[in-house]
Amino acid sequence: MNASEFFLNLDRRWIFLVIGLVVLLPIVRPFDLPGIKPTDQSKNYFDTMNAVPEGTKILISADFDPGSKPELYPMLEATLRHAFKKKLRIVVMTLWLTGIGMVEKAIKDNVAYAKDHFGVEPQEGKDYVFIGWKTGGSAVVIGMGVNILEMFSQDNYGKPLAEHPIMAGVKSLKDFKIVVSLSAGTPGFKEWVQYGVQKNNLTFVGGCTGIIIPEAYPYLQAGQMKGVLGGMKGAAEYEKLLNIPGTATGGMVALSLAQFMIILLVAACNIIYIASGRWRKP
Amino acid sequence: MTFLEILGIWFATAMTLFILSFLYKDNPFYKLAENIFVGVTLGYSVVGAIWKTIYPEWVVPLFSSDVGIWRKGFLLIPGVLGILALARIIPKLNWLSRPAFAFVMGWGAGVAIPTAVDAFVLKHTSKTVSAILPGGEFTFGAVFTAFSNLLIVVIVLCVLVYFFFSIEHRGPIRVASRLGVLFLMVAFGIAYGNTVMGRMALLYNRFFELKQNASGESYFATPILVLVTVLGLIVHEVWIKPRPPGTEDVQLEKPPEGAST
Amino acid sequence: MAGWALWLMAATLQQAEPPKELEAFDARNDDGESIALWWAKMPYEADGVEYVIFASFTEGGPTLEAARLGSKKGYASDRKIPWWAGSRSPNHHYLEVDTDALAAALVDLEWPEARAVKDEIAALEGSLSHTTGEKEKVEAELAELEKIKPPSAVADEIATLKERLRWLDAHRPIWTERKRELDEKLQTRIDSLSDGVLYYQVAVVQGTQELTRSGWVSAAESDNLFNFNRIHSFGLAIVFCAIIVAFIQVGKRRELFLRKIPGLAAVDEAIGRAVEMGKPVYFLPGRHDINEINTIAAVTILGEVAKKCAQLGAQLKVPHTYVLVYAVSQEITKQAYTEAGRPDAYRDDINFFITEDQFAYTAAVDGMFVREKPAAIIYMGYFYAESLILAETGAGIGAIQVAGTDADHQLPFFVTACDYTLIGEELYAAGAYLSKDPTLVGTLRGQDVGKLFVMAGVAGMTFLSFWFTVFGYTSAIKFVLDLVTPY
Amino acid sequence: MFVKRTLPMLVAFGVGFAFALQYYLPFSFSEDALSATSKWYSIIASFALLLGIVSVIQSHARKIQTQSVGWGYSLVLFFAFASMVMMGAFSAGNAETPPGVKGPIYGTSYGWLYNNAMIPLQTTMFATLAFYVASAAFRAFRAKTFGAFLLLFFAVVMLFGKASLGVTLWDESIGTIHASLQLDRIIEWLMGTLNMSARRAILIGVALGMIATSLKIIFGIERTYLGGKGE
């Protein structure tokens, strides 16, 4: 069997291996390719976060479940990193019961990341707090617009919320400079806009899965949402703006590389096929 | 994390890896995952049928005092048909199930006719002919749009010609149907290329999950299980003697009578 | 300038006359739950000026706001209807009002008790939904508590729960009964008040100021027998049906030509090869349930394939994902074996059910492919994402693969991975092609004539649309297009 | 043979005719009939599911009984099936815990199985498509004929145009000539014109096939589902 024969009848497990490696590599070690051009919406998200001074209090609501993790978890990570880097003070919550575990992990990992990479040491209670989950969706948002401490009397771990220094001077949603919702559906940014943003005149940005991004456009046009990150692409663009390649960048790179790998394989295969003179046979 | 959560992560990771191991070759891990998969989904559909359909849609209204006697009577029909469909289990009473199947097939056929006319024929015809010429100024863009719209009509007609069954494809019909096949190939190529990225994203999501489960918090589920799977495959390959080809795990509890002539 | 315009507008509004040509009538082509109001475009229509529709049970009786419409919105020309089903005049307003909801709201004005009755119904609904499933929950808790020893430690809790159970048992039936009673009472009162007819007035409002108000009009809602919006679709359905039925008759009388479908010729070849190699033939009937037409086409083909397998002595295997398809296929296979003169070769495990889940089915069938290495795999029917997983696995074991599907989104994958693919309509033609049954062949000729009809329509309308655009008859285009637009 | 053959055909005819007409009849009885019968369909199918379960249990029980090759896997299947059904019964088919009730982890035991067995298995099986989509392309995208060349050429164009790397490469070079040459515009045109029109033709053809097959069922010409067309 000569070389061209071997290549044309290549055991497909080699192709499986190549594709697997190409997709895996950028996850294990995220790197960047010139290919991600931030859209205006992602820039707006970044600029809104970037414009506030050190020490500003912001609220992040991670409204997603494990099903939407690959798209929204990188957004949560990048937002936390951005906030820690800028030394913002953050209150994190979720409207989705199944989101609790992911938020805990994201906070823990990124506090460690901030220590390693930005030289800051965010303190729990002072710089950040995770207030957990409450049932009710839109009712929670409405309640927070009136009095947060009544809605969330304790943090996620049962400690009275009022004892955290970060909550000093925070009464309602109005006391946050920015509210962020990373949402995978209902309850999500729609509830935040309808029941929180409009009434309390909040600066609101969001992130969402690729499927529901069309639902965000009316709010963006109306200015109720200042910017939005759409799907894994949006997360990758945010990472690009932050200049910290993360898992979303890895994802975009992986997809690009895998597609190019297929193009390469098909091209090579056809060149060899034609060069070996087989195409002349009927 | 609670014990159950960690157990869940381990289980999910193992299932993911076992399914992926099939890409190398069929192996006991895959068979294990496959049978768990089939069992679990069977159970899921039973639970769904009972708790999401039969109980709320049938039992509850049948025994509820809110529902009038007429509606209850109507509700008996699908129940009876459903139970009659079960008569297939008993070969002699097989025919009892026929009214149920007739109902289902007749219903499907009836609903399909107007749907086919409206949603397929009318919708696609109207979209094809609605905008041959764009209004407005005579620019390059407008000319190109007009060309594209005309091209759509030509492609639709050519591909439809390809589908003629009862006319011999000769002369101009042959040309049109040949063009139709080529247009189909173009369309299939485009559709193929268009879906690749979505599929890659699915794989990326699985790998993402595996990476998340590799951390110390989940007690290094991914690396340990990868090791176990790989070692298991090696053991299976090297130490467990492969059976002679052909007999391997083919379920031949009976001789295949149909094959003997 | 601006001042002038404002003054002028105010002046026109001052002497506003009530909307002209006001009419109320049953909204056509619906299930009789709404009426339509119709009135002429008036000169004072502007941003900020609104039409408010008031409704009442009697002429001159107490009114309720039924709807509100910006004065520059809701023209009849916005209606989504074809030209023959009603006027699409740009100079008139058209508004549909839901009468059932309106009557339920209006009853408050005429019947002092109504509010209280509705509140009670709402409260009862609340209590009922709140306690739904509570009984089971309490019982479960009780069972847990009763396991604890010694029982005296939890005696209080048990007593409380038992009390709760008694309370639930006592109250829920009463609530249900009471709610039914009240619902009935309310409905009777509404019926006696309205008698199906409601009265309407249209007022013109700017801000909070009412400028003018029309006289009363009334209309009764009614069920409509036929949806005239869809009469063209109805006509077309009849035309197609007539063509097909006619050619079924033609097919019975004389033999009709049938072109070759390459994929189907390959089916015989594939079965033959399987017999030579002593390996099974797999037939996958798609992943739609039996009520879908593509599955019916698939099981018809299964009948023919089974016949061939029985004749040649190939081992057939048909994995199923829907139970009803499985049951039907069993009958068909059995019949096919009998018709082929090999009832002895029929086994009940030719058809087997796996699971309803898409990917579990795929995983299981994939495993079978690899373990049994069938010589031929035939995919017929509707498929989803599993198409390529299965077809690539099949190609990997070197089976001859023939696919046929009308799932346009999966065709590219079958075309790529299989040896032969029946595209779209060919799936429906395959049964006729394989069986050569004259009635079925006649149907195919009917389908062809139907296609010709559609093609002539597309070509003709393209020409007309082109011609109308060039000569500027834009309204004529709409006229023609309506004939092929689904409503 | 009235009950065995004529009655089913009458049922199919009556039901089929009535529901073909239903689409054009807007009155409330007609609408109610459609929504009621679509529920009937799911009820019948739910009952019939038992048929499938019996078949699966029979075939695997036979395997276990005869201890044929791989009977251990049949045991696994039974175990998985039984635990899903039991957990489902305990939690009344709810994967999520209703608020206020304590469950194992943010869900019921049924939810645990659903989230940790069904979801990963489904998504992983689906994800294997990524590999197959590549290997099928490698194996089959060969310019053997002009048609095959078109297929592979346009697939490669789409692959290039959908990758963010490809978009950047193109738009920074050729795309700078004119805005209408930008890659997303080209992709849009390919999808909207070449791909969509061929699919339209397929669907129009399919519609005619559907109408013909439906008619055959309604008129009893097609009655393979009753077992054969004879008698």
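Order as written gives the chain letters A, B, C and D; numbering starts at 1 within each chain.
Quick note on the criterion: a contact is a pair of C-beta atoms (placed from the backbone, for glycine too) under 8 Å apart; a residue touches a chain by one contact, two chains touch by 3 or more.
All values reported here derive from a predicted model rather than from experimental measurement.
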Between the pairs A-D and B-C, the one where more C-beta pairs touch: B-C
Greatest separation from chain C - chain, by CA centre: A
Centroid distance [mean C-alpha coordinates] between chain D and chain A, Å: 31
Distance between chain centroids, defined by C-alpha means - chain B, chain C (Å): 19
Inter-chain centre distance, chain C versus chain D - centres from mean C-alpha coordinates, in Å: 16
Centre distance in Å when chain B and chain D are each reduced to the mean of their C-alpha atoms: 3
Shared interface positions of chain D, touching two or more other chains: 20, 23-24, 41, 44-45, 48-49, 51, 56, 92, 115, 118-119, 121, 125-126, 128-131, 133-135, 137, 139, 141, 151-152, 155-156, 159, 162-163, 199, 202-206, 208, 210-211, 213-215, 217, 225-226
Shared-contact residues (touching 2 or more other chains) in chain A: 12, 16, 19-20, 23, 101, 255, 258-259, 262
Residues of chain B engaged with two or more neighbouring chains: 5, 19, 22-23, 31, 33-34, 37-38, 40-42, 44-45, 85, 88, 101, 104-105, 107-109, 112-114, 117-119, 121, 125, 128, 153, 156-157, 160, 163, 184-185, 187-189, 191-192, 195-197, 200, 203, 205, 209, 249-250
Set of all touching chain pairs, with the criterion as stated earlier: A-B, A-D, B-C, B-D, C-D
List of chain C residues in touch with chain B within their complex: 173, 176-177, 179-180, 230, 232-234, 236-237, 240-241, 256-259, 261, 275, 278, 280, 290-293, 296, 309-310, 312-316, 324, 327-328, 330-331, 342, 344-347, 350, 354-357, 359-361, 363-364, 366-367, 370-372, 409, 411-413, 415-416, 423-426, 429, 433, 441, 444-445, 447-448, 451, 454-455, 457-459, 461-462, 465-466, 469-470, 474, 481, 484-486
Contacting residues of chain A [partner chain D, same complex]: 10, 12, 15-16, 18-20, 23, 33-37, 66-67, 97-98, 100-101, 135, 233, 252, 255-263, 265-267, 269-270, 273-274, 279
Touching residues on chain D, where the partner in the complex is chain A: 96, 99, 106-107, 115, 119, 130-131, 133-135, 137-139, 141-144, 152, 155-156, 159-160, 162-168
For the chain A and chain B complex, residues of the former touching the latter: 13, 16, 19-20, 23-24, 27-28, 69-70, 101, 105, 232, 247, 251, 254-255, 258-259, 262
Chain C partner contacts - residues on chain B that touch it in the complex: 19, 22, 25-26, 30-31, 33-34, 37-38, 40-42, 44-45, 65-66, 85, 88, 94, 97, 101, 104-105, 107-109, 112-114, 117-119, 121-123, 125-126, 128-130, 132-133, 135, 150, 153, 156-157, 160-161, 163-169, 184-185, 187-189, 191-192, 195, 248-250, 254, 256-261
